[in-house]
Amino acid sequence: MDFWRTQDQEALQDGIRSFCQGRFPIESLQPIEATGGRLDRAAWRDLAGVGVFSLRHDGFSITDSALVFEELGRALIPGPLTATYLAATHLRTVLEGADSGERIVGLAQVAEPVTMAEHLLDLDSLLILQGDSIAVVDPNSVPTQVVERPLDPLTPVHVMLSATGGEIVATGDVVRQWCREGAVLTAAMQVGASFAAIDLAVEYAKGREQFGRPIGAFQAVKHMAADMLVKAEVARAATYAAAVNLDGNGDDDLDRAVSVAKMLAGDAALFCGKIGIQIHGGMGFTWEVNAQRYWKRAVVLDTHYGNSEMHADALAGSM
Amino acid sequence: MDFWRTQDQEALQDGIRSFCQGRFPIESLQPIEATGGRLDRAAWRDLAGVGVFSLRHDGFSITDSALVFEELGRALIPGPLTATYLAATHLRTVLEGADSGERIVGLAQVAEPVTMAEHLLDLDSLLILQGDSIAVVDPNSVPTQVVERPLDPLTPVHVMLSATGGEIVATGDVVRQWCREGAVLTAAMQVGASFAAIDLAVEYAKGREQFGRPIGAFQAVKHMAADMLVKAEVARAATYAAAVNLDGNGDDDLDRAVSVAKMLAGDAALFCGKIGIQIHGGMGFTWEVNAQRYWKRAVVLDTHYGNSEMHADALAGSM
Amino acid sequence: MYQILSRVAMDLRYTEQEQTFRAELRAWLADVLPSVAPEPHRDDWKNRRVWDTGWQRMLFDAGYAGINWPKEYGGRGATPTEHLIFLEETERMRAPYVGMNFVGLLHAGPTLVAEASTEQKAHHLPSILKGDHVWCQGFSEPNAGSDLASLQCRAIRDGDDYVITGQKIWTSFAHIADYCEMLVRTDTEVPKHRGITWLILPMDAKGMDIRPLRTMEGSTEFCEVFFDEVRVPVANRVGDENDGWRVAMVTLSFERGTAFVSEMLQSMELVRDLADLAKKVTRNGSAAWDDTGLRRDIAHLSGELDALWSLTKRNISEAQRTGFVGVGGNVFKLAYSELRQRLGELSLRLLDRASLSLDDVHELPTGKHVHGRIHALSIGIAAGTSQVQRNIVAERTLGLPKDR
Amino acid sequence: MYQILSRVAMDLRYTEQEQTFRAELRAWLADVLPSVAPEPHRDDWKNRRVWDTGWQRMLFDAGYAGINWPKEYGGRGATPTEHLIFLEETERMRAPYVGMNFVGLLHAGPTLVAEASTEQKAHHLPSILKGDHVWCQGFSEPNAGSDLASLQCRAIRDGDDYVITGQKIWTSFAHIADYCEMLVRTDTEVPKHRGITWLILPMDAKGMDIRPLRTMEGSTEFCEVFFDEVRVPVANRVGDENDGWRVAMVTLSFERGTAFVSEMLQSMELVRDLADLAKKVTRNGSAAWDDTGLRRDIAHLSGELDALWSLTKRNISEAQRTGFVGVGGNVFKLAYSELRQRLGELSLRLLDRASLSLDDVHELPTGKHVHGRIHALSIGIAAGTSQVQRNIVAERTLGLPKDR
C-alpha cells in the first residue's frame, strides 16, 4: 500500500502548475470574461501541447490525469477540458484532433430541469450524453437559446431546446467508464479550485489588517480557513482514491469510490468558494477580486456528471 | 400588535424562577439521580402549591403557562410536568387531584420503534396517547420492562410491551388541542433549558483561564456562545408566537405555529446542550458538571409530542 | 399564588387603529400604483433616479414619506408597528422600494434630525422627504471596514472650509447622489474614535473622482470615491469637530427592528416559490417535491422564516415599549444570514444546471433563486460581518470578556 | 512533454508481503481468540486488568506486542501499513482492544524508547510489552487542559528524591496502574514550557489520593489524583530536569496515522448498522429507509467515512515515506469529530424514543447508537479540542499569524 504521490507524479503536477501559472495566470481571466468567455484557440493548443488531452495515450494513468486536472482546476482554466480529454481518450478515431487541440469537444448531459451546453460557440463537436449512450452532433445544428447572463462569465451556456439526434458514438460500458472518469477528473478540478480559494483567502487574511492586526490572527478567520482546508484535504483523499481504483490499483467498488469523490469534492469547492468570499469581506463580493470566481466555478462543476446530492443518492442506492 | 411580555407576565415568570431556584436548586439534581430519578411527592405538591398545574383554571393563558414552563425547563425539574398540567386542564373531573399535586399523571405516546413510559413507578395515572385518542390506565397494570440505564438518569423509563386497553377519556379535537399545548409547553421547557445551558457555559467561560486569559475571551468560544444564543432566541420567539396563537391572539395557522415552535426549540436545546459541553471541555463530559444534564434533557424533550424532524415533515405537509 | 392583575396580553394581531392605517394605505396603493411607470433597467442610473425619487414624491404628497420620522420634521411619526405595516403592504402590493433614497431616509436624515442645526435641518430634511435630494454614504474605506473607526480619509481645517483628501468605498449611488454623509479624520493624534468628524458633502464639490465598483453579479450601484483637496464649508459639519463617531452611532440607536422587513417578506416568498418550483420540476421521473429530504429542508427553512418573523415582531414590540431594540437585532441578522446561505444552497441543488443562468431559463422561474443565492453571499458581510456580530452578541449581551 | 520515468504508482492494495503478514495474523487470531475469556463487566477494574494484560501477554508470546516499536526494544518494528493491518484484523476478528495497556504501549513506552536511560529501558520496556505493568498518564490538571504547559503540579528536589505536591486529572486507570508517566513543574521562575520535568512515578508511592471521576455515561476509568509530598527518586527522571516538555512532545512525532484506525472501523460498522436499523424500523407505516432524506444523510456519512479511510491511508503512506504525518493528522481529527457528531444526531433522530435507553430496547440493537452518540460528544474534546486543532492547522499549516 502506498497512497502518496510518486516523485514522477510530483514532477508532473509541479510542471503543469508552472505551465498554468505562465500560460493561464489568474489575471488573464478578467479579459476572457470581457470577451464573453470565448476560448483562445492558441491557448487551447498549448494545453494540448503539454499533453493535457493525450495523457492516456502517452501512457499516463487516470491518477496522473487527476493530478493534472487538479492543476487545471486550481488555475480556473475555462473550457470543456474533461470532454475533450475523454474524447481524445475514448473516441480517438471518431473525433480526431481532440488530443492535439485542433478539435474542441464539449459534452452536454441531458438533465432535469434543463439541458445546457457550455462553450457552444467554440465547440467543434458537441457530445450529447443521455442515459448510457453518447451521440455526437454538429454544435451549429442544434436548436439552442443563448443564456444572456451566465452565472460564471467564464462558462458561457446555451439552453438546448432539443437534445435528440446525432450519431451514437459510445454506449454501455464505455459510457459508464466515461462518466466515472469524467466525475473523477471534475472532482480533481474541484479539489484544485478549493485549494486555490484557500490560498487566496489565506494570503488576504495575512495582509489585511483590522483592529490593529492581520485579520488572519483572529480565531474566527483562522477557524474558517482551517475548516476550508479540512474539507479540501478530505475531498482530495477521496478523489485520489477514486482515481487509483479506476487505475485498477485498489479493491473498492468503482462506482462507490467515484461517487464519494464527486460528492465531497463538490461540497468542498462550494464551501471553500463561499468561505473564501466571507473571509474577503466586502472585497470578496467584487468583480475585481478572484474569490467569487472560485465559487462560481464550483457551482458550474458541481453540475457536471451528477451533483453532490445525486452522488449521495447513488451511494444510498448501493447500501 | 404587542409581542413583548407584560409586566404581569414578567412578575409571574420571575416569581416562578425564584421558586424553582429555592425549591429545585440545580444542586438537588444529583441526589435525585442517586435515587433512580424517583420523584419527591412533597416537592411535587409544592409545584402544585404555586399553581403550576392549575394555571388555566386560575385564569392564566397558554402564553402565561409557556412562561412558567420555560422556568421549569430552565431548572431541569424532573417529572411528567406537561401531562399533569394537561390532565388538570382538560381532564379535571376525570383525574381529580392532578391540579393539587395529589395525582401524578404521566403520558405515553404510542410510537415507532418503541413506546416508552417515563416515571412509571411514581405515576398515579398513566395516559396512553394513540392517534387522536387518549386512554387512562393503571400504571401498575400495564406490561412493561424497565430500562436499566436510562439516558437521562432524571427520566427513568419503561418500555411498554403493550399499549392497548384502558378507558378512553379524550378524543378528536380535545386530543388535537392537547397535543398542540403539550408541544408548545415542551418547547417552552426546551427554550428554558437552552438558556440555562448558555448561562452555565458563559459563566464557565468567564472564569476558566487557559493561555493566560479567560477562555471566553477567545473568539472561538465567543462565537459558539453567540450561536447558542441565536438559536435560543429564535426558538423562544417561535414558542411565544405559538402560545399567543393558541390563546387566540394571533392569525397564524395553529398547527403550523406549533410545529415551528417544537421544531426550533428541539433544535435549539440539542444544540445548546451539545455546545455547552464543548465549551466546558473535558469537564463538560463529567457527571459532576451540569452541562451534560441539559443535553440529556434536550434529548428526552425532543421525543415528546413529535421530534424536530417530524414537525419539519408536518410543515412540509402543509406547504 | 400568582394573580392576574390586568387583561393585557401578548397579542400578535393588529389593533383597530393599525388595521385602519393598513386599510387606508392599501387603498391608496391600489389607487396610485397603476400610474407608476415600469421599473427602469437596473443599470440605467439616470432613469432609476427619476423613478425612485418620483415614487418618494408620491409618498410625500400622500403623507407617507418619512414614515418613522418625527412629525415636527415632516415625517409621519408612525409607530414601529405602523412602519412594519407600511413595509408589509408596499411589499405585498409590489410598490417600488426605497431604492436610492435609502441613505437619506434611513440614515443621513435621521442623523440630521437628531444632531443637525436648525438651518441644516431646514435645508435638508424637506428635500429628502420630497425626493428632491438623493444622499449617499461616505463611511467605509479600503482599510476601514469592520474596523470603521480606523478610517483615514483626512479633513484639514482651512479657514471656513475643511479640505478633504483620501478615499471612500462602498458608496452606493455616489455617481447620482446630491449629498454625502461623510466621516472624516480631523485629528490623527488622539485615539481613533475621538478624531472623527461628520460632514455634509455636496456631491458637486470639486476634486472628486467617482469610480463604479463592479460586484460579482456585475451590478454597479457601489462606487469608490477619491478625494483630492475637496473643500467643504465648516458650516456643513454636523455636531462638534472630532465628535463624529458619536454622531454616526446615534443612528444605530434608531433601529426599530424594521431594517430587514422587506428582505424577510421577499425571503418568505422565495421559499414558497422554491416549494412551487420543486412541485413542478421533475427528478428521476417524479416531482422533486416527492423527495422527503428536499421537502423537509424547504419546510425547515420555511418554519425558520416564520420564527424570524415572530422575532421581528418581538423586536418591534420591544422598540415600541423601550424605544430601542436590544439583542434581537444582532440575533436576527445572524440567524437570517445563515438561513439565507442554506436557502441559497438548497435552491442551487434543486436548479442543478438551471443555476448556470442569472436569468430565468426555459420558462422556469429560476433567475430569482440564482440571484437570491448570490445575494445570500453578501448578507453575512454587509452592515457588519457575522463574525463581528457574534463578537457583539458575545461581549455586549452575554458579557464575555473583550479580546484585549 | 512529460515522461513516465518509473512504473511505480499510487496503490491502495496491499503488497504480497503485507498480505502474508495479514494472513499469518488472521490465522493466529482465529486460533487463539476462542480461548480468550469473555470481557469482564466495564466497571470490574480488577478483572479488566487481568483480561487486558492477559491479552497483551498473548500478543507478546506470538510476537505481536509493540507492533510499531523498534525491534531492538522488543517490538516487532512493523511498518505503519502493517500496523494498520494489525488494527484492521484485530478489529475485524473482534479481538480485545489495547485497553488499559494503551498509555504504556502507545505513549509512555515510545517515550522511554526515545528518551530513557539504558537502565530505565531495561527495567520498563519488557514489562510493558509483556503486560506485566500497566501505565497511566499524569499530564492534565484542572487548570491545565488545552494549555497543558501551564501545569502547576510541583516537584521539589530533596536530596535524591523529587517531592511532588499538587493534582492531576483525566488519569485513566490510575486506580489499577503500576506506573505513571508524569509531568511536573520543577522551576516556576522560567517561561512555562521550560520548567517542566518528566518523571516515572510508581503508583505505590505514599501520599497519593486517587478518586474516580465519573463521566456523563457513568463510567469511571478516569481519575483525579491528589499528591501530598509524594517522593519519587531522581533516578526516575527521564531526560534532563526542566526538559520534560520536549520529552513529552517527542511522542507526538511518533504519530504514524494509525491513532484512529480502530475508531474508524467501528464508525464504519456503526453507519452500516444504522442503515440496517433504518431498513428495519418503521415510520408512518413504511421503513424509515424509504425516507430519501434520512437515506441520503446516512449515505453521505458513509461516503465521508470512506474518504476518511482514504485519508488515513494517505497519512500512513506519508509516515512510511517521511517518518511522520504532516497536516493529515489534525485534518483527520477535525473531520472525524464533526462527522461523528452528525452521525450521533442522525442516529438519535432515527431512534426517537428508543434513544432514552443506553441499552438495547425491545430487541432492537439501539444501545450502540446511543453510546456512539455520547462518545461523539467527547471526540472533539479529548486529545486537543477542535478549537485548538483548528488553531494548529491555521497557524502551522496555513501560516496564519499567531493570536498574540
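Labels for the chains are A, B, C and D, by order of writing; each one numbers its residues from 1.
Note that in this section a residue touches a chain if its C-beta (ideal position, glycine included) is under 8 Å from a C-beta of that chain, and two chains touch if they have at least 3 such contacts.
Treat the numbers as computed from the prediction; the structure is a model and nothing was measured.
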| item | value |
| --- | --- |
| Starting at chain B, fewest touch steps before arriving at chain D | 1 |
| A-C or A-D, whichever has more C-beta pairs in contact | A-D |
| Chain located farthest away, centre of chain C as origin (C-alpha) | D |
| Chain A and chain C: spacing of chain centres that average the CA atoms, whole Å | 38 |
| Mean-CA-position distance for chain C and chain B (Å) | 38 |
| Chain A and chain B: spacing of chain centres that average the CA atoms, whole Å | 50 |
| For chain D, residues contacting two or more additional chains | 292, 295-296, 387, 390-391 |
| Multi-partner residues of chain B (each touching 2 or more other chains) | 218-221, 223, 309 |
| Touch-based graph of the chains, sorted into line, ring, star, complete or other | complete |
| Contacting residues of chain D [partner chain C, same complex] | 291-297 |
| Residue numbers on chain D that touch chain B, as the complex places them | 140, 143, 145-147, 150, 169-170, 213-216, 218, 281-284, 341, 345, 348-349, 351-359, 361-362, 364, 366, 370, 377-378, 380-382, 385-387, 390-391 |
| Residue ranges of chain A touching chain B (in the complex, touch as defined) | 218-220, 223 |
| Chain A - residues contacting chain C, complex | 111-116, 118, 147-153, 155, 157, 159, 209-212, 215, 218, 220-221, 270, 274, 277-278, 281-282, 284-288, 292, 295-296, 299-300, 302-303, 307-309 |
| Residues on chain C engaged by chain B in the complex (per definition of touch) | 1-2, 4-6, 8-15, 18, 81, 84, 272, 275, 292, 295-296, 298-300, 302-304, 306-308, 310-311, 313-314, 316-318, 320-321, 327-328, 331, 334-335, 387, 389-391, 393-395, 397-403 |
